[in-house]
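Alright, structures below, take your time with them.
Each of the next two complexes has chain A plus one more chain, namely chain B in the first and chain C in the second.
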Partner chain A sequence: MGNNLKTGLVLIFVLAAIVFAGPLIAPYDPFEVDMSVRLQGISLAHIMGTDQLGRDLFSRLIYATGTSVKISLVVVAASMTIGFIFGSVAAFLGGAVDEFLMRIIDVFMAFPTKIFTIAIAGVLGASAFNITLALIFTSWASYARMVRGCVLTAKQLPFIDASVALGANRRYTIVKHVLPSVFQPLSTFAFQRIAHTMMMIVGLSFIGLGVQPPTPELGAMINESKNFMTTAPHLFVFPGLLISYVVFSFNILDDSLRDYWDPRIKSELVL
Partner chain B sequence: MIKYIFRRLIYLIPVMIITSFIAYMLVYLSPSSPAQIILKARYTSEPTQEQVEDFNEEYGFDKPILVQYTSWLNKAMHGDLGKSLTDGSDVLEDFIYSFIASAKLYFSSQLLALLIALPIGVYSAFKANSLFDRFSRAYSLVGISLPDFWLGMVLVYIFSIMLNILPSFGYTSPKNLILPMLALGLSSSFSLIRLVRTSVLEVLHLNYIRTARSKGLGEGQIMMKHALRNAMIPIVTVLGIHLTHFIGGAVAIESMFAWPGLGNFFAKAASSQDIPVIQGFVLLSAIFFIIANLIIDIICKQLDPRIDFHNESGKNNG
Partner chain C sequence: MKKEKLLEVEQLNIKFTTSIGDVNVSDNINFTLNKGETFCIVGESGCGKSVVALSLTRLLPENAVINGSVKFEGFTISDLDDKEFAKIRGQKIATIFEQPMSCINPVMRIGEQIAETYRANFKCSKKEAKLQALKKLEEVKLPANRYNAYPHELSGGMQQRVMIAIALACNPQLLIADEPTTSLDVTVQYQILELLQELKEKYHMTILMITHDMGVVHDMADRIGVMYAGNMMEIAERDAFFKQPLHPYAQELLNVVKDPCHYTIPGTVPNLMEIFSGCPFEPRCQKATEMCKTYKPENSVRDERMVRCLNVIPN
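What follows is the complex of A and B.
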């Protein structure tokens, strides 16, 4: 299992390099159209070939990975923050406030996520910004419910009582004891959601409701490649492999981090 | 039990009302007004101010939003969800038609996923840490990372383009079902293998299995008679949850194979801003989703009386 953690870290490090240093490595401008070299296969000049407008696939893939990963991270970070605020306010204040907030969360969770996201993205108009908004709008509720559950559980633990009994005031107890016990499950949960969110984004872009061409994005690129499947299969193969690489990296890191942070789970699973 | 179901049903009423309100109000998120969207679709050019006002008066869009909403809800309760702006078809009929298409694809692919995942997962757990187990774990971990629509494209490339034996899209013949079913079934089977393995492994280390073993029962009997029965509880739960996802869950596959399912239909309506279809589909799918979740909860409670739905710490929410 320790090996998985190392593998995961290496994969994520390479991914970060692609996302942040990628534009420096990219040999061509991802928007540069050159019809004289359209739909070419793998060659020395274009190591992954070119697309239907003669744009260099390798350069476009580097930028596309950045687009998909950055949107996923923004969606997860924003929903985590909103969920954290809603969930902890509900759990700490309790009573009518809790009841009211929980009903709001219930309503948000009553919709099938994909249908709800598609509806919002469609109504707002398809664009990278709108798909980000739509995904945040539909995913914060599950974070909120999770945080509320964690705070409620933490509040009942004996060491919280002990802290109060020792004379700690409310604020000290919350900041020093309750919140830290929420952060770990919350970050595990959020981490797990990155891969899932990434799949949603490429899926929605694939059906034309997410990032719009000519902006390079992995799902949108596969969508564009549909008409050239027979003549230029590299156009859908490479972006697909890259999506799998990103999702695989997050999955394997998530798996091994959970084992690393919580050895009790490991003993259950591996025994 | 009956008391529990009754309580849940009562509690659904406010959720349904708010859900329907949100479904109706979704359209007002749009930067342009309903009249502008509808008239633009009708005349294929920007409508004049006069046209917009006439339209609003004719269709009641000049009335307060709450009045509009109640009249829409009233009609909806009588089965009238309006007509599509693009082809004038009845929204409820469209929903039922694509619901059936989605159901065909989804049930067959989930069955396939189960047929693949059950033997592999059980054997993997039984021979934990063997070569087979390692291989199947790696296989499912890689598989989970493949987007379902991309898997579909690879299948199309192999079976439709290279071998030319199966159609790549269409709905009419049973042959059309094969590729989308394979794509969706395979991609669901990957996570199911992991789930089956973990569930069986957890059960295998419980005391009553040790008892069965010490009584001298054969491994096969232990597996079939004792272990699998309890391991099925989480598997059934997750399969149930998967089934509720068939609304929209297969949207990319459906659009890839031009399958006339809910996801495909809805995505088309959403991108052409077909207001009545968006409102109707969101409402109907939310109602379906809510009821399906209720049924799953009830089945789980039947399977395992220890499950307590008053505990909201998230342990049992899968």
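What follows is the complex of A and C.
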């Protein structure tokens, strides 16, 4: 196991703890308003200070990270599933079905993702559920296209023919040879997309089209903090750092997993 | 002594339908394989050798049209539907290919691949399959500690050994070897051939070998079939063949081997999209007569020998 992978796993583990065990760690209720301590800096009582309504920033950040990461996990999982089904059906059935499905996918690929998401959020109204839908809607097509490509490449590899020649049936070759070769690039791609989707959610929330206040969300928090930029910089510095942290940890994990799964690179690491 | 027949191929016609016309790659080919022998098909590239071999296990692409009858142990396998036919692959007829590297899954450990092949054909526990795989590794003379190696960690010769171990996982009666040594260097070639010979005797296997290397043919073959442009030109026992090849094409092939630096057969293999009115070898044949242009030669058979030429009668 390379150092990058170890780092990535540790970072992700910490992140998972923040996301899933967050309510246990958080010292305050993230919605609890206490105007007597508004816009305070770092102190023992509030280790990351408080915001303009006197809410504990540390507690809010823990919940906010949970919101952003959970939405992006849902978006990635859902679009990966839809993409996987469409892509593999297209590649395995081939012919007219393939042609038809690929044209549908082309239509979806043709939409500019950001503008389309903004449009959906605008029409359906800004909420966490709506931007989840909008992001799934605009991102599944690229998974489908990638899965189809991988399956088609894998299908014509000589060792598939060779295994058929030696008695493997169709199901066996699909399960043992084709799907594993799809799984690796697909999961690398998905990890990479988690970070990307997270940036989208944060960005949309920042411009007010995503998660709505008072629900804690990193982008929305930065948006709220912009009026106090000069007087209370901790309000945007901490969420900003947290965004970088999440994106960085998913990226490093994705990168090192790719190397880890490649037996060629792995043997070099062992040496 | 009467030889038992393992595989009988009769009137095998194969053509590929393409958007620019049909390609005839096998024209009324007949041959039989006796149990326990090695039959080599030789010929230049593009003569249809591999296609004939692949057609026996139905591994050709979908645009291939195959006609004719193939009998395996007296049982017509060419009539079986695809599902039943799949049971023959691996268990009865196994195939090894020219490029071992690309024919083994690069991301699966080699031992696993041998074991998986065994498990795919016979239902058994994983443990038992692993024992079998280790036994096969030993038989192909790979150390047992290579069980967990990935294909890229092995040399070409070792990869071909793995390929052989996978092919032999289910003790097939017929092994089709499609140029098994072409991608290897000469000393490794020799080792692989020796290994095949040894395993053949151990398991009483029959080998159908596709090659264009006359040296390999001389070492391995019991009988030889010479193919040219989709036609089986000559079939003969090895000794008789090397003593006196009858077909002009076979003679030319041997001339090339005798003088490898300078001699080539003039001309090239014809495009198989042509429909030959006469003998397909006629344009390159030094012994061709006027008759060869207009009449298609038929098989003339005498004892164990078959020749498809108007000017030669086997004796």
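The rule is simple: the second predicted complex is superposed on the first by the 260 of 271 C-alpha atoms of A that agree within 3 Å, B and C clash if a C-alpha of one lies under 4 Å from a C-alpha of the other, contacts with A are read in each partner's own complex, and residues count from 1 in each chain.
The criterion applied here is as follows: a residue touches a chain if its C-beta (ideal position, glycine included) is under 8 Å from a C-beta of that chain, and two chains touch if they have at least 3 such contacts.
Quantities reported herein were computed from a predicted structural model and do not represent experimental measurements.
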In the superposed arrangement, does A:228 touch chain B (first), chain C (second), both or neither? neither
Counting only touches as set out at the top, which of chain B and chain C does A:92 meet: first, second, both, neither? neither
Taking the superposition on A as described, I'd like to know which of chain B and chain C A:159 touches: first, second, both or neither. second
Does chain C touch more residues of chain A than chain B does, or is it the other way round? B
Could you tell me if A:252 is touching chain B, chain C, both of them or neither one (first, second, both, neither)? first
Contacts for A:168 in the overlay, against chain B (first) and chain C (second): which applies, first, second, both or neither? second
According to the stated criteria, A:177 is in contact with first (chain B), second (chain C), both, or neither; which is it? second
Using the superposition on chain A described above, determine whether A:119 touches chain B (first), chain C (second), both, or neither. first
Over in the complex, which chain A residues touch chain B? Could you list them? 103, 106-107, 110-116, 118-126, 145-146, 148-150, 152-153, 195, 199, 202-203, 206-209, 219, 222, 226, 229-230, 233, 236-237, 240, 243-245, 247-248, 251-252, 255, 268-271
Residues on chain A engaged by chain C in the complex (per definition of touch): 157-159, 161-169, 172, 176-177, 180-181, 184, 263-264, 267
What part of chain B is in contact with chain A in the complex they form? 14-15, 18-19, 22, 26-27, 29-31, 128-129, 141-142, 144-150, 153-154, 156-157, 161, 198, 201-202, 205, 244-245, 247-249, 251-252, 255-256, 262-263, 266-267, 269-271, 273, 278, 281-282, 285-286, 289-290, 312-314, 317
In their shared complex, at which residues does chain C touch chain A? 57, 59, 86-87, 89-91, 94-95, 97, 99, 102-108, 116-117, 120-121, 150, 152-153, 163, 166-167, 169-170
